[in-house]
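In what comes next, subunit A is part of two complexes: it sits with subunit B in the first one and with subunit C in the second one.
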Partner chain A sequence: MKRFVPSSELVVRASRGEIPAISRLITRAEMGLDECRPALAEIYRKAGKAHVIGITGVPGSGKSTLVANLAAQLRRRNKKVAIIAVDPSSPYSGGSILGDRIRMTELASDPGVYIRSMATRGAVGGMARSTLDAVDILDVGGFDTIIIETVGVGQDEVEIAKASHTTVVVSAPGLGDEIQAIKAGMLEIADIHVVSKCDRSDSNKLVVDLKQMLTLGLASKDPKDWLPTVIGVSSYNGTGIDELATEIERHRAASLATGRAHQRELAIASFRLEKTAETLLIERFLKTLEPLRPALASTLCKRERDPYSAANELVSNALPQSIDQTEQAARAWTRRR
Partner chain B sequence: MKRFVPSSELVVRASRGEIPAISRLITRAEMGLDECRPALAEIYRKAGKAHVIGITGVPGSGKSTLVANLAAQLRRRNKKVAIIAVDPSSPYSGGSILGDRIRMTELASDPGVYIRSMATRGAVGGMARSTLDAVDILDVGGFDTIIIETVGVGQDEVEIAKASHTTVVVSAPGLGDEIQAIKAGMLEIADIHVVSKCDRSDSNKLVVDLKQMLTLGLASKDPKDWLPTVIGVSSYNGTGIDELATEIERHRAASLATGRAHQRELAIASFRLEKTAETLLIERFLKTLEPLRPALASTLCKRERDPYSAANELVSNALPQSIDQTEQAARAWTRRR
Partner chain C sequence: MTQPIRVLLAKVGLDGHDRGVRVVARALRDAGMDVIYSGLHRTPEEVVDAAVQEDVDILGVSLLSGVQMTVFPKIFKLLDQKGVDDLIVVAGGVMPDEDVVELKKMGVREVLLQDVPPKTIVETLTRLVDERGAR
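And then the complex of A and B:
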C-alpha cells in the first residue's frame, strides 16, 4: 500500500519537477481536500512565471487536435508544455476526452509535455478553482507554457478560458452556425481567433466574416489595444500552426509592454478569489444546513412554507447583518499588508 | 410603453391561466428579480398539483422530438401540457434550441400546450432554482403535466431532471458509446428508459443491454420498488409513444401508492431549499466582496497572499462561528411550525 504523502512534501517534490508529485497534487486540488489547502496556498505564492494560454471553442471545432499540434510546435521552440483539458463537469464526456487524448499519443511519450484531464464536478466554483490550482502546480513544476483547453459551452468554461494570459477562440466551418463564437459570448474574449479545418473550401467565408465582425468593434477600441487577429489553421496539412505559435508569443510580448498583462492578472486574481470564496462559503453553509434538512424539507413539502423565506431565514442567520463588520475586518487586513 | 405590472398582480392573472402573465413571471424568476420573490413564494405555497416529468439524455439522443411527440400524445389524453426546455446555461445553444422548437410548431398553435426555453445562466444554483420556479408558475397556471427537458450533460442538468415525479432517460443507438446513460450517471435516476430511433436495426442491442444492466441492479432492490422499464420509441413511425405515456401514468400511480412519491417530494424540497439558499448566500456575499475586490486582487497578484487564506478570512468574517447560532435559530422556527 502506498503511504499517504503529506501535501507539504508533495510541494517540495513538485517544485523539483517530479511528475508523480505534480499529478497527485492536482488530484488533491480537484478533490478539494482540506489537507491540501495550505500546500496549494504555498504553491500559489511560488507560482506566476508560466505563460497561460486558454483555448476554447464549441464542440466539433477541432480544439483538441489544434492543442496537440500547437503543443508540438511549442516543443520545437524548446518550451516545456502542460495541457489541462477541462471536462465540463460532465461524467459522460470521459469518453470523448479519452478519444481526444489518443490523438496526443506522440506527445504523451515526450517528457517535456504533460497532459491532464480535469474531471471535477459538483462543487460550486469547483471547476474554475481547481483548474487554476492545477495551473499553479504545473507552473511551480517548471512548465513554462500551460494550455487550458475548455469546451466553449457554459459560462464557467468560457470564464476559465478567459482566466489566461492569451485566449484563443477556435471556430470551424460547417457547424451550421457560421459565427459560433458570437453566440457563445466568445467573440469579446478572444485575443486570437483560429479558424480550423482551413483546408476546407468553406473556411474562407468564416475567416472573412470574423475579420469583418472584428472591424465593426474597432471604433470603440483604444488604439494602444491589441487587435485580435484571425488565423486559418489546418490540422490536416499543418497550415497556420507555426503562425499561431508566433502570434501567441507576439500577444504575450505586446500585453506585457502595454501593461494589459497586469490588468489581466488583476482580473484573474479577482475571479480566483471569488471562486475560492464561493467554495468555502457553500461548504460551510451546507454543513450548517445538513442537520436541519429533514425538518425543513418536510415543512416545504406541505407547502406551509416556501423556499425563499426558508432560505432567507437560514442565510440571514448564517450571514447576519455583518456586511459592515466584514467590510471593516477585511479592510483592516488589506491595510495591514 | 408597457407599464410595470407588480408581480403580485401577475400571480393573480397567472392563477387564472393567463399565458402572458405566466410568461412574464417565468422571465422574472429567471432574472432573479428581488421584486418577484414574494410572488414566487406565494406561487410555491399554491402549487403542488401537477405531475412533473423530467426527460434527459445526451445530445443527439432525440430528446426534443420525443418530447414533442409525447406532448401530442398527452394532449390526446386531455392533459394540459407545459414543456420547459433547459438550456444548459450556454448562450450558444440558443441556436439548437430554436431548431428543436421548430419541430414543435404543430404543438405551438395548441392553447393546451405551453413551450418555454429557459436561458438562465450565471447565478449559482440559478438554473435549478428558476426552472423549479417555472414549474410552480405553470402548475398554478393550470397545466397538469409539466415536462422538464434537460440535456444530460453536467451535474446540474442531471439533478434538474431528477427533481421531478417521473424521470425518463433517453438513449439512442449509434452515438458511439452504447450505454451513454451509465457514464452520465443517469442510469440510477431513470424510472423509465427510452431507446429512441428504434426503427434503426442497431437499436435492439441497446434495448437488450439496458435491460441486462437493469437486471444486475435488481438483487439490491426493495421488491416493493418500482422496476425501471425500457421502451423502444421511434419518432419516425410513431412506435412506442403511446406505451411511454401509459408507462409514465403507471409510474405516477405506483409511486403514490407505495409512498415513494412523498419521499421524492421531500428530496425535491431539500434540493430546492439548498439551491435557493446558495443563490441568496452568494448574492449577499458578493455584495460584501465588491468594494474589497480591487485591493484584494492586487495583494493576490503580487503573490503576497494566496486565494485560500484570503477567501478563508473573508468567509470567516462573513460566516462567523455562527454554526451553533444558526442551528438554534433555525431549529427554533421549525419548532414554531
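And then the complex of A and C:
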C-alpha cells in the first residue's frame, strides 16, 4: 500500500475480510483523520452483529492470559475472534510498551484470530478513544466475537460495561478481604466474575467472598434480572476456561431472549454519543487552551488569579455561547421537533 | 493529534537474549513511540502476521544468533505474499559487515548494530517514518 489508499476503498476491502485493510482502517481511526470520517460512518452503519465481550480487572490479575485461553476455547467453538488489548500510554513521553500480545503467542498464525494492541493515549476509563471504532471495523471485517481487554484498572474504571454486551471482571486472590468485595465500583459491573490463579490455595476464599457479596444483593434484585456467577479459572492448569466460555454464551442467549440485549445496545449507543461529544469538546477546548496555558498558569502560580475564573475565561473562549444560550438553543431545537 | 510511531520489536528463532531489545523498547517508549514486543522464539510467519495486524510503521528484528540471512528473506517473501509494501524493516543485533551489505540490498532499511546508542536508534526510526510520508 505505498500510495495513500483512500479510506472508502479500505472499507470495501475490510468488508471482504482483508486483514491489512482492517488494520489500516483501525490506524486511521486512531489518528482521527478527517479523511476517514465518512468511511467510519459507513462502517458504523454496517456494524452491530458481533458479540462484544469486555474483560477488565486489576493490573497483573491475569487478563491477557485469560483472554488468550478464552479465545482459544471460542475458536474450538468455531467463532472468529478479534481481540483489542489496551495498555497504558506513558503520562510523560506519550509512548507505550504494548505487552498483552506476548501472553497470546498460542494464538499466533491462526487466521481466525486477530489481535490488535492499543495505547490509551491519555484516555481514562480503561479503553482508548478509538477502541469502539476498532470494534465496528472488526465487526464489519467478519469477526463474530470481539474481546476488549481493558488496561489494568482500579476500583472505579467502569466504562467497559457501557461498551460491551457481556462484561467479565477478573479478580486475583490475595488483594483484599470481604469488605473490599462489597465496595461500590468495578465489582458491580460484572455479568460474570472470574477468579484467576485458582490453582493457588487462597483463591477459594475469594470465590466465597464474591459469592457472598452477590447474595447480599439478591433481596433487592428483580427475579428476571441476570444473576452474575463466579467462576474460578486457572490458566496454569486450564481449569474453568470451558465453563467461562459456556457462561458467556449463556449470558448472551439470556440477554437476547429477554430484551436486555436491546437495552444494553441503547446504553452503548448513548455512551458512545456522550464519549464522542466529549472528545470533540476536549479537542476544541485544548486548541484554545494551548496558546493561553503558560501565561494563565503563571498568573495562577503567583496567586494573582484563582483557578475558577481563569478556567471560566478559557471555557468561554472555547465555547463562545454561554451555558444559558446553549440551553435556550437546546430548548428551541426540541420545540422544533 | 499526531500519531505516535508504532514499532514491532521481534525476536526470531532460537535466540534467548533479549536484554538489548528491551533496552531499545524502553528508549523508543521514552521517545513517545508505541512499542509492541513479540517476546522470544517467534517464527517469521508469526512476526509478519503481528506486523500486519498491528499495522506498525516499523518492524525491528533483533538477532544475536547469526541467522539473519535465513530470516530476512523469509520475512520479505511473506510481506510480499500479503501485499504489504509500506512496512519499514530494520535489523538490530550483532552481525558481520558483509551480511549488512546483503541485507540492505534485500530491502532492510537500516542495520543497527550493538554499538549504536539508543538516541541514534530513535533518530533513525523517526527519519525513516518521515521519509515514508503519510499512509
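Operating definition for what follows: the second predicted complex is superposed on the first by the 246 of 337 C-alpha atoms of A that agree within 3 Å, B and C clash if a C-alpha of one lies under 4 Å from a C-alpha of the other, contacts with A are read in each partner's own complex, and residues count from 1 in each chain.
Criterion: a contact is a pair of C-beta atoms (placed from the backbone, for glycine too) under 8 Å apart; a residue touches a chain by one contact, two chains touch by 3 or more.
It should be emphasised that the depicted structure is a prediction, and the values quoted were computed from it without experimental measurement.
In the superposition on chain A, A:Ile26 makes contact with subunit C only, while subunit B stays out of contact range. In the superposition on chain A, contact of A:Phe4 is made with subunit C only, not with subunit B. Of the two partner chains placed by the overlay, neither subunit B nor subunit C lies in contact with A:Trp226.
Of the two partner chains, subunit B is the only one touched by A:Ala295; subunit C is not. Looking at the shared chain after the overlay, A:Arg305 reaches subunit B, while subunit C stays out of its contact range. Of the two partners, subunit B and subunit C, it is B that touches more residues of subunit A.
After overlaying the two complexes on the shared chain, residue contacts for A:Tyr114 are found with subunit C alone; subunit B is out of touch. Within subunit A, the residues touched by subunit B in the first complex and by subunit C in the second are 89-90, 92-95, 121. Remark: subunit B residues 37-38, 40-42, 44-48, 58, 88-95, 121-122, 124-125, 152-155, 176-177, 180, 183-185, 262, 265-267, 269-270, 272-274, 276-282, 284-289, 291-301, 303-315, 317-320, 322-323, 325-327, 329-331, 333-334, 337 touch subunit A in the complex.
In the complex of the two chains, the subunit A residues touching subunit C come out as 1-2, 4, 19-20, 23-24, 26-27, 30-32, 89-90, 92-99, 101-102, 105, 108-109, 114-117, 119, 121, 283. Residues 1, 3-4, 6, 25-26, 28-39, 42-43, 45-46, 49-50, 52-55, 82-86, 134-135 of subunit C touch subunit A in their complex.
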